[in-house]
Structure formats: structure tokens, C-alpha cells
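Chain naming follows the written order as A, B and C, and within any one chain the residues start at number 1.
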Amino acid sequence: MNAPALKNCLEPRWLRPLLIAVALLFLVVFILLPLVTIFSQALDVNLQDYLAAALGYEGATPELPPLFASLGDGASVYRAALDDAEVRAAIRLSLFTVLFCVPLNTFFGVMLAWAITKFDFRGKNLLISLIELPFAISPVIAGLIFILIFGASGWLNMVDLYTFADGRITKLLDADGNTVTLYKWLMAHDLKIVFAVPGIFLATLFVTFPFVARELIPLMQEMGKDDEEAALTLGASGWQLFFKVTLPNIKWGLLYGVILTSARAIGEFGAVAVVSGNVRGETTTMPLYIEILYGEYQFATAFAVASLLTLIALVTLVVKAAIEYVLKKQRTG
Amino acid sequence: MNKPGSSIKSILAAAGLLLAFAAQAASYEILNVSYDPTRELYKEYNAAFVKYYKAKTGDDVNIKQSHGGSGGQARAVIDGLEADVVTLALAYDIDAIVEKTHRLPENWQTRLKHNSAPYTSTIVFLVRKGNPKKIRDWDDLAKSDVKIITPNPKTSGGARWNYLAAWAYGLEKFGSEEKARDFVKQIFKNVPVLDSGARGSTNTFVQRGLGDVLLAWENEAFLSINELGKGKFEIVVPSLSILAEPTVALVDDVAKKKGTTKVAQEYLDYLYSREGQRIAARNYYRPTDPDVAREFAKQFTKVKLVTIDKAFGGWKKAQTTHFSDGGIFDKIQSELHQ
Amino acid sequence: MPNGTFRLRRNRSQLPGFGLTLGLSVAYMSLLILVPLGALVLFSMNLSPREFWRVVSDSRVLAAFRVSFGSTFLAATIDMFFGFVIAWVLARYRFFGKRLVDAIIDLPFAIPTAVTGIALATLFSPKGLVGGQLAALSAWINARFGVNVSLDIAFSGTGIVAALMFIGIPFIVRTVQPVLEELDKEVEEAASSLGANFHQIFLRVIFPSILPALLTGFALAFARGLGEYGSVIFISSNAPYESEIVPLLIVMKLGEFNYEGASAIGVSMLACSFLLLLAINFLQAFARNRRKA
């Protein structure tokens, strides 16, 4: 950014405003308008009628309808949405999902990045491709695989359990004399995985796995390992090495990765939809609950929850922009 | 249950972090896994039942609800979603649960009155105000200038009733399976959007303004008129339709395990009571209780109804002939796109 | 870089933690990703190769693959053009609101797909802000010229492309932008002083150096778009053979209790994704080497 403009502009003079216009037009139609739509629907601002009247279409009312007809109601829509116990449950579940998945994936993402960038080993490129796999896989497939493992028709129900009794190993049998599979044992002990919260965590872990490593690997590749090796010769321990030398160098990139992971964890739809079971107030995350509200014709509430998620996304972008600003300053300063 | 092997314990210890979140205290909590258009019905019914049960036994009961496309919901139950009761769009989906899991007996449909369908519905047309395309009956849907909105019969229970109602009409009118097939094909030629569920279709028609006619559950059509756009739509009842029987069943194994058999059974029985029937009727389902039906007679138009058993030889047969992979619906779709 | 002498050391790293970090993280990855994916592949093997082939070569499945690949390709191609323009504008020009534009590019990345879906469907529906104008416009054209055209975006194949364009745009911009910024302006100026016009400079100097980044961005947008589900189902008409995407077909097979079918389609998609990723990594390695050379 802020590259010094070329002294003599090479391209034709008319090209510049044209390109800027094209770029802005695209952004307005494809990014800004959807954003406006979400908030205007939540706040019940009638842009459509307003525009139709302003442009004088047939069937439009002769005078301009008030643009902010019910902005006061808009605020009450949010209040009503937050008063709904199921909305609150959805928000809570989404937050728990983030709290569970982000630390785990951050921890292992950092380890992977360390192993990949500080050492040479065979199969490294394959490993990098594998890390990125969840990113390229359809979320629906991500949900499907956990059903195929943990569901009643999945692998866990094909694993028989054994027990050690009277000096012999025998198959574990239930009261009716049927063999007990791992799946049945878990269900008997109320340890549900799919169609319960753990399934949602697992699916989210899967789809958010690549982000931290993806952010860190290029960054750490660029840095090389000279600093660490220097510290090593000075007698630093492994932990000191990481926390005193590496971490300060990668902290902003790491934060960026964490933010991306959180954004995806809070917003994942497809994968979670397959494993959720749609039990209201129990296994519905915020994006799932938006779909439910939408299906119940509670459009204002649906868009209210959607706009909450959008706000989170916008905050994410602001933080990210701030990080980049700091990074750039660090590099140039 | 025997004591588990110690190796299992260590596996569990490893997974303990995940599983810690799963353990829940058992109480009178029942899960009703239902299909899409019953959301409003069960919201009202659950509240009434909680009150009724408290008054009758002094016990509290907490009812959890799950809604979605009927097939997908049955799939979730098959895969382990622990529903105490299922209230799905068609008997076939419950049959599938029986077949794949044996969590309820094969004779489930005979355990409750009226084929285990406490309320019924039928398929009607929802058109835009003034009926600009002059749609009166199924024939009008085959005209080339009519755009029809219906969900996808592969994923939606309601859409299968739509399809079968059209087929039944074609059969009655033209007299042969061959011609009925052509008739249904003609109708599906006019379908621009196939949403995956009944609710999606209603949204497409009502909110997004697509299509001239929506093939819908009668209750969905009423709901659209009364809740979404008073005065913007009209219901057209065709000369012949199908008796849609959304069925309900107790999932014995789950209820037994959770110790909720009594309350879950009561939950289903109460659907047949006066109060339950009135709630169903208020949510535009046709009550099966003759007295309540008389009470709400004005609300529902009389229509000649065929049943799935008489016209199609039951759900299993209808499913394999029409909707399974490579069935008639698939063939029609592929012919339409050759 | 300080301590240049270290660079001469042998390849084997002296740093600690190789076994620990690689072991733990690969174990975690195997549990979370590889074993589940292996389970998927194994599950699809419940089908004989012939049955597998019958599932994935079914005309409707093929049509869905055509729709998925076709619309993703189209969307990524359009994105490639606009993404390039946006990256160019951001890298080279100064204008009012530039920082805002730069920040908002990542919105599709941060916003949940379900939210994208309902926003785009509302926006482009015949009753929506943009869709309404398009409907009015097509009505006007049809009345004026006596033709029958439709500019509808929502609930058609075009809707899928629109949603995928939204999803894909940040990938193109974010891979091309840094390369454009790093581009050595002196080369251009030198070429210019040698009498080359902009046209020549662009084709001979600029374009070749950003081409790998452009292709990488394209491949990323493509890979991401191919599997997209949440936003597409809201805006597509989901008509078999016309606007039915592969992930929807998987969900549909699940709704029919057809796990083998679902996993067979899943495995074919998995293979496509993996090949795409290998291609991307190859492209990136290629670009890295070229930059070094």
C-alpha cells in the first residue's frame, strides 16, 4: 500500500479513473449492497420502496415514503431477539465453539508451522497440501465424515467391545446378550457425539484447522531460522527460544490466523448443519438459528441475528486492518 | 451393563475433553423430531401439553423441538439423534427408521388411531391475488405459461404428496399410468425452482415473488395467507387431491433408555384429545376427531381425497416406484433435460 | 540478515523440538483430518468399483458436477478480471476511501456463508434492491423491443455464479495485490525510457510477473467455490440438471439414507479438491523459485 505513484504515469490518462470506477462499482454491488441489505432488513428500513419511488417506477407511491419509517422498531427487534432464550442459547453455543476450537487449532497450528519451517524432511510439500485440505473440501463432506464415523451407521458401531473377566477376554455383552459396540456403549452412557455439542466442535475443528498454519508458514519461511539458531548458540532453551525469539516475530501473523479461525468457527454453516440435528436451543449455532428463523418467517429476527454476525465480521476486519498497519510500520520503521 | 474394559477407559480419557460437554442430567425431557411446516403447531401444542401434564401428574416436562426436511430428520434419527417421538411428514420416513434401526416395532402405525396420523392435511394451490393465470384445477398447471413452485420430492415430504396428488388426478382423468406420467411430466416442466423443503418453497413464492402458483400443504397455504400477506394470495382447492397423513410415533428404545416412555406416550395421546385436536385445527391441520372437525368445518373446503394406500398401494411401493434413485421422478427429470 | 555465516551450515537444523512438534501436530492432524477422510474413502469402498462408477456417472450427478465446475469456473474467471482491477487500483493509485476498500475486500472471508446467502438472495430477488431494478429493466426491454429476455439473478444458475463471485473475490485480490506492490517500478520506467509504450510494458513486463499469482488466486477461489454450500443453496433455484450443485446432491443422498452414494460423490469431490491444492502448491513453489532466480 501507499506505493509511491510512478513519476510519469505509464498508462493512458483516461485509464486510471476508469479502473477505479470499475473496482468501486464491483465492490458496491457485490460487497457493500449485501452489507446494507442485512442491516436494512434487520432495522426494517425500506430501501426498495424508497428507491422505486425516487426513480418513479410504475406502481410506486407518488411521494417518497419515509426511509427510516421504523428505526425505533429496529432497536426493539434487537431487544426482542436477545430476549429470546433460544437466540441466547445459539449465541452461547457459538461462543463455546470458538472458545473450544480456537485454542486447540492455534496450539497445533503453531507446532505444525514450527516443524515445517524450521526443519527439512521428506514429504513436506505433501504435508502442506494436506493441511490445506479442509479449506478446499466442501463443508458438507466435512460434516458427512463425522456422521460416517460417529453415527449409528458409522464405524464406531462396527467396533465390538471386549471385557476381561475370569481370566479370559470375552466380548462385552449387554443384558439381552447382544454384543456391545463402542457406539452403543457411548450412547448407553449418554456420551453423544454427533447430533450433540461434541459433533459441532469436531466439525468446526476440522474446517478451521488450516488457518493458523496457513498464516504462519509463509511468514516463518520468510524469517528463516537464523535468529533462533543464534539464540541457541547463546544457550537458550527450547521454550525460551520460542517465547523470546520466535513468538515476538510472528505474534501479529499469529493473531491474524487466530482471528480468521474465530471468524470461520463462529460462521460455519454447512459442516455444522449436517451434524447438528437441529435441536432448538441445544445444538443450533448462530448461523443455523438464522436459517431456522428464516424458515419461520421471522425475517426481522433472522436478519437481526445475521447483522450481529456481520458486526463480528466487521470488527474482525477492523482488527485485521489494524494489525496490518502495525506490521507495515514494523517492517518499514 | 457389564463393566467396561480398561482399554476403553483410556480411550475415553483421551476423548474426555470432548465428552465432558456431552454428559447431561436425565430428567423429564423429551425430544420431538419433526418436519418443517409443523413449527407453529408444536410451539403451541408443546406449551399446552406442559401445562396439561403438570396439572395431571405434577411433573415438569421440558420438550425439545427439532425441525427440518422430513427425510433429513429421519436420517438424523437413524444416525443417532435420540428422539423420544417422531412426528414426520409421511409414514415412509418412519418406516425407514424402523428398517434401519429397529428402535420401534414394525407395527408402529397400528398403535395409534387413524394410521397414527392425529391430524391430516391435503395439497392445495396458493395463487396470487385475483388469480391472474386463472388456475382452477390440476389441468391448468400443465399449461405452458404457468410457473409452478414446489419443493423437491427427493428431499421434501410435502413435495412427494404434491407429486402423488398430481399423479392421482392424472390417473383419474386420463385413465392410464402412461398418461398420468405424461401429465406429471408436463407439470414439472413448469417448475423453475425446486427448494429442498416446504418452507423454502413458501419463501420463494411469498417473499421472493417467484412463480404463479405454489403447490403446498393446506396448512402452509393458510399460514401464508394469514401470517405473511393478508389479501395478497388466494387458495385454490383442486377438484381432487390426496389425503396427506403426517404420522407420529414413539421411538420405544430411546424412550425406554431415557425413562420417558410414559410421558412421551402421553404426549402423542394428547394430540388426539379435544384440546390437541383444536390446536391442530387452529394451525390449519384437519382434525381427525369428528366433533372438532365439525367445529372447524367452515375453515376447510370439502374436497375429494384419494389415499396413498388405495391409489398407490402404500408408501413403500410409492417410494420405490416414484422417488427412489432411478424411479419415475428421476426419469422424468432426466427426460426434461435431454 | 544478521549472522550470515550460519547460512553456510549444513541443512540439518540444530533447532530443538522437531520430533515433538512434528509428532504431536501430525498426530492431531491424523486424528482430526486424515482418519476421518480415510473413513470416508473406506465407506465408499462398500460399493464395488462398478457400483461406484454407476453412482458418479449417473447423468444427474454428472450434471451437478458440470454445474459446480462450470459456475465455479465462470465465477473465478470473472473474479480474476475484477480482482485484478481491484488489486491494481489498490496497489498503484491513491484515492478517497482507499483504506476502507482495502479493508472491506476481506468481508466475504469473515462473514458467515448463511448470512451471505440470505443477503444475496434478498438483494437479487425480484423484490430486492438490485433484482427489482433488473426485473424492471428486463420488463422495459421486453416491452420496448418485443423480446423475451430475463435478467434475473436470484433463483437461477446466475445466482450460483453471483454467490461464488462474492466468496472468491478476496482470494484473487489478496494474492495479486502483494505481487503488484513488490513489482519493481524501475524496470517499468527503464522500459518506458527505452521507448516501450504502456501496452508493451504491460504485456511483456507486468503481466508475466503477476501471472503465477493470478493463477494461484484463481485456483484458490476455484477450490473454495467448488465446495461452497451455505450461500449457494439460498440463492440457487436448485433445479436438477440445471442449477443443482454437487454438495447439495450429497445432502440429498443423505436425506434418502444413501450413505454409500453420498460418500462416493464425496470421494470424487475430495479427489478434485486435493488435485487442485497440489496444483496451487506447485504454482506457488514455481512462483517462489522464479522470484528468487
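By definition in this document, a contact is a pair of C-beta atoms (placed from the backbone, for glycine too) under 8 Å apart; a residue touches a chain by one contact, two chains touch by 3 or more.
A quick note: this is a predicted structure, and the numbers were derived from the prediction, not measured.
Here the chain pair with the top count of touching C-beta pairs is A-C. Ranked by how close its mean Cα position lies to the mean of all protein Cα atoms, the top chain is A.
Of all chains, the one whose mean C-alpha position sits at the greatest distance from that of chain A is B. For the pair chain A and chain B, the distance between mean C-alpha positions equals 33 Å. Chain centres here are Cα means. That of chain B falls 37 Å from that of chain C. With centres taken as mean Cα positions, chain C sits 16 Å from chain A.
Multi-chain contact residues, meaning those touching two or more other chains, occur in chain B at positions 78, 100, 207. In chain A, the residues touching two or more other chains are 147, 153-154, 202, 294.
Residue positions of chain C touching 2 or more other chains: 127, 251, 254.
Chain C contributes residues 1-3, 6-7, 9, 11-18, 20-22, 24-26, 28-29, 32-37, 39-40, 42-43, 82, 85-86, 88-95, 98-99, 101-116, 118-120, 122-123, 127-130, 132-133, 136, 162, 165-166, 169, 181, 185, 188-189, 192, 198, 201-202, 223-224, 226-230, 246-247, 250-251, 254, 259, 262-263, 266, 269-270, 273-274, 276-278, 280-281, 285 to its touches with chain A in the complex. Listing the residues of chain B that touch chain C in their complex gives 69, 71-72, 74-75, 78, 96, 100, 152, 154-155, 191-196, 204, 207-210, 324-325, 330, 333-334, 336-337.
Every residue of chain B that touches chain A in the complex is listed here, in rising order: 1-8, 12, 18-19, 21-24, 26, 31, 33, 36, 39-40, 64-68, 73, 76, 78-82, 100-101, 197, 199-200, 203, 207, 227-228, 257. In the complex of the two chains, the chain C residues touching chain B come out as 58-60, 63, 121, 125-127, 154-156, 233, 237-242, 248, 251-252, 254-258, 261. Interface of chain A with chain B (complex): residues 96, 147, 150-154, 161-165, 172-175, 180, 182-183, 185, 187-188, 190-198, 201-202, 277-282, 292, 294-297, 299.
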